[in-house]
């Protein structure tokens, strides 16, 4: 309780409702725009209430798209995004849980060096050295491929760091009990460590899925074949209009479709999401 | 079942810190040994060297007649109960019990048999299919015991297995462990920092301090003839009064000792007693009361029946035989 | 300084759970009251209602002669010591002590004076300029006390202020608090779940169970005449033996009671004793030994001198006056 | 079938038409399959192709706008000159069939054509006849001079017929490069760079400075609205929504304008000029793009590319493309075909571009421009124009920086090619 | 560090192999390339290459555009950080007061985290579109002539709003966690010490929140510096007149659009140094937090 001031509580609710309105505004506007037809935008301002063209606009985008924007149908781009996001999430979890296991549970020569090689990448986003990374990936012949879309983004130490933290907080006694129970390293990894990291993996998965789905610059650069465009990277191409008006209703429908999967994931798995967020950052 | 022998056992951690030095101990088959001492004195280190979880830097450990220094924990034929139980949180109680046996390729039927026996002994049969998190502290403790029992090892090793329980449960579980060990007669080494637990459980106590053995003996031996001032103050509650002999120059026959020890219950109020104490505080414990006071600048505590008379100063007397004398420098017992 | 009165005090949490009901208590000016009871019995809730940190749903609290139900904590003229001390980690010890005074616009000179006095009383003068994280547990505890003292409030409220300390320090600090309160004579309410702490500190004890008062009285009153089976088993260690009267039909004059209570120290071994006990386990405590046994299916514990004789069965006797009789259903004291 | 990648920058209506043309080619034979991909704006398409070339993932054909010519020409080894391609593949190729203005722009010093003309344009004025009428202006008389531009605009705004007088696409191409040619002012030395890599920019002359200063003044007054950098994506919407009464934009915007300006009557005119500048109006220069062939692809693709080029320059295809899009008819044959079809009579205004570009015989200042790194220099022009609009620089200062920064890039380009 | 470890020597290398391989190929090698290229001059097609020493770096220092970009980055990062942290803190404090509706409010506030920066950019770009946007329309009503296409200030406001908007949920979650980690007894003690809500906030809550605040400060600066690429590209593309040309955008732009590989590489090197500095600061903080 501490004090009796109902006024303050009211103010708090007010602030929150206002906050939610501000946060929701752009998405509302986008959604509304996506339910109108092209002619509704000629008049000057965006309508504020939904129109009747929702089904029409969305189904058109999903299976036909706007061919003159150089993008394939949105359905195809969403599939690409999905493949990319899943590959990144699963790949990253797989390789980093192994390396974290090695770093935490073994002592071997050059362990420190290996550790630093990995951790130096912790905060080095791909954007920073975009040109040479592009060249390296191009040199490997990975342009226009799912491998090229995902593998370079798999390498980053965040997940390794997280698993390292998780393993470090696992009680020492667990390994000791397992050793007394006759389990070797891989058996321990499979029987104990992996099952115990399940929720961490799930939480990380949520975060990485969002991370992968939301990639922009990288897919923009390394895909020149429209069959590999992802939705987030493709949307910008649709928004650019030549000698005409952007197809606002279609662009916004695409924007809504691009937001839908990650937002749904966040809302449906809020607990895991928060856990993942907090863990990956700390 | 086996005897365990520690020969000149010592441990220096990689950093160079010596945690344990020169420990010699013969543990008979079926004996219940308790290692007791203050935090950081090396109890766990010692136990873990026996378990094989910590490498041995000096001396040797024998289990039965094998030197086990180089043998993997899994092959030492020991079982261990940890302070935090270290139950596998994702496995059911049954799987927890069976895991060690499964890894040793024990046949399924044999595993079931042993698990059921252990479950019966410990009365955990009704929650064999629960996960550890669905158990109370005491139940978890039992499962941890069960995991040790099913293995039918040569020795049990316990590292403060009760310290995560609340006071009441601790008392109850301590009785259970004692009974269980009596029944199974498995050689046991038990680590605790709680002197009461040590006293009540041990066949023999090993009092450690700073990585060295201060005294080995039965609980009563240790209580009655503490080998050092350290043991004297560590074992027994309320703790033994330790006073500088110079504070009581009028006490005959103590001048050669640096420190005089006397247990609070060995002091009695008597009109003609040689010690005059100013009373500072009185604590009622119910059955008795503790009177805290001061004499010649030294603090003193006495335990009195709860119906005894009190006043601001008390004259105290004692039996010469109940005095313990220690060397001022070394702390070693003199008489 | 002031008296505190609780009239029919009760608390229902917003969820609908009743945490405290119908508490009536008159605390005299300068008295040291201890609220004791098992976890969840409503001790903290009660204390926090007095502090103003929890709204009062039934009854009233008076401090001095003001009803304070609607008064902000800051204006109740009380000071509180929290279990985790709640020291402001970003302020030095001095600033911690001064904060409450500063908020009340006490003149600088007066603040300094009071802080210095408190520092002297508590011997924390040498680290007034340190941050709390640079202090040991005991020192932090003192600072928390100091923060209460400087305010010179009408009452101190303590919520388990010692439970974060280790056993040794707890005993020492408990003595200090007792002395301090004696000296300042500030009305105090102290919450603990540790019966020993309660016994040793209280002028009067309030034993709570499930949000209700079970007994109010001095420690010895409560120990000697527990008002209920609950109090009987809660206060005193080792706990009072409580046996079903049907298990000892041969005991004259107990048939009307459901439960018979007798403290372990009130039982003695006598060749002709009316109770025959099978010994199950013996625990050596040093000064005495606890013998655990069974009679007619009921568990029994007796405390014996450590030099007493032991055998597999013992005949026990007792003084009729030391029996406590309780109703089987209500648990209330009968005689 | 051999696939041939063609990266282009034709979005919107033009893109749709382009796909139709490609489809025509693909269906006309069964050896080759041209795959067009839209890669965004001209600069985006060009840079994507260069990046792809470095990554050895280049398309066989890429559409590069006229100002990329300098860079492409210098990339010996990266390109296959079109005259050589045609010769190698044995496909007949007559440079003289193209309009002289086009040929002149894309030939090297030896007179060989390096890239394949496809879509050449020139900027013209589009205006909203309805607004003119509402403002009490003659809907059939577009402004001829900048003085009229200003005057008409004021009338339009004052009468409330629209909130802005005019906007424009391409600050660089229209209001700087074409403006200079139209007023017979040099952009750089060495015949606007045609003479070699040593050229320097001189676009900061008094005429250009005066014009930029006016644009700033008109922007402040609300007469003129800026439509953004590069092509000025925000300009057409302002014209379509009838916020602005006039727009200067590529003749090739015609298709888009017609498609979007459904609510009002359209008018066409030539670019305005300052009547106090001697020699104005001279002639406007071409823009648009040509198709470059990149090296390093399999031989079959080059054979296909040559066949495709032949198809593209056929009178029928060219006339169709020209008539639909508003691009110039790049061959005399296509022009003649249009005349034959009476296209120009039936579509008033469709000939404005051609008339404007051929208004006078080109001078050194009006035959075009060719500098290295000019794509980046265009970025600088946009930036400096924006600096001026935001008030951080005046017109002269802005143009001076264009020259200074541009010359650095030209020097850098020279250094890279030594 | 673990007390008990396994002794195998080969196994850990096998376990590390995939991660090490990817790190070497996609991080260390490109980083090395960046360093190498920062000393070279190359034409767009990569046909002519020559060694130019530190020319690319000195050219950067001489370039008003680069210095402008540094300044823009600083202003942008500060504004984004301040705006989103300020709003989030306000919301977090409000939620922290709630007893029951916390979860609902949280759900309604966290989802923008999932929106891609590029999409966030598109959304705000639409809202601020000069011809049909809702905001210019509203602003016009209060007499403000919104024009992010030619006004540097408006453009900066646009990218700051879009970037800050996306970051609100992140900061909000951490602030809420930070607030909840402050023991209730601390505020209660302050209440008993006579501090009202406002005083308590400034004397107790804010200082105790400072580890969270500091952490968020670094994270937000990193976010504003690197993760907002999509926002910039979808809205202003660095314009007008480079008013929103932040450093990462310039690296990309000069490298891919400007085709000036040497300069772009030199900028990459500078940025990498910056990132490493930030990483070190962050690690320092982690250490400090442990001590706290």
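List of remarks:
Letters A, B, C, D and E mark the chains in the order given here, with residues in each chain numbered from 1 onward.
Following the convention adopted for this analysis, a residue touches a chain if its C-beta (ideal position, glycine included) is under 8 Å from a C-beta of that chain, and two chains touch if they have at least 3 such contacts.
By chain, with names taken from UniProt: A = sn-glycerol-3-phosphate transport system permease protein UgpE; B, C = Carbohydrate ABC transporter ATP-binding protein, CUT1 family; E = sn-glycerol-3-phosphate transport system permease protein UgpA.
Note that this is a predicted model, so its numbers are computed, not measured.
Common neighbours of subunit A and subunit D, by the contact definition above: E.
Of the two chain pairs examined here, A-E and A-B, it is A-E that is joined by more C-beta pairs in contact. In this entry, subunit B maps onto subunit C through a rotation of 180 degrees when their C-alpha atoms are superposed, rounded to the nearest 5. Here the CA centre of subunit B is 92 Å from the CA centre of subunit D. Centroids of subunit A and subunit B (each the mean of its C-alpha atoms) stand 54 Å apart.
For subunit C, residues touching at least two other chains, in rising order: 52-53, 72-73. In subunit E, the residues that reach two or more other chains under the touch definition are 3-4, 131-132, 188, 191, 256.
Residues of subunit D in contact with at least two other chains: 51, 54, 237, 241.
Across the interface of their complex, subunit A is touched by residues 7, 10-16, 19, 37-41, 48, 51-52, 54-57, 231, 233, 236-237, 240-241, 249-250, 252-253, 255-257, 259-260, 263 of subunit D. The part of subunit A that touches subunit E in the complex is made up of residues 2-3, 5, 8-9, 11-13, 15-16, 19-20, 22-27, 29-30, 33, 41, 44-46, 48, 94-96, 98-99, 101-109, 111, 114, 117-118, 120-125, 127-137, 140, 151-152, 154-157, 160, 167-168, 172, 175-176, 179, 184-186, 188, 210, 213-217, 221, 232-233, 235-236, 239, 248, 251-252, 255, 258-259, 262-263, 265-267, 270, 273-274, 277-278, 281-282. Residue ranges on subunit B touching subunit A, taken from their complex, read 48, 51-53, 72-74, 78-80, 82-90, 99-100, 103-104, 147. Note for the complex: subunit A touches subunit B at residues 171, 173-174, 176-183, 187, 191-192, 195-196, 198.
Those residues of subunit E that touch subunit D in the shared complex are 41-48, 130-132, 147, 149-152, 237, 239-243, 256-260.
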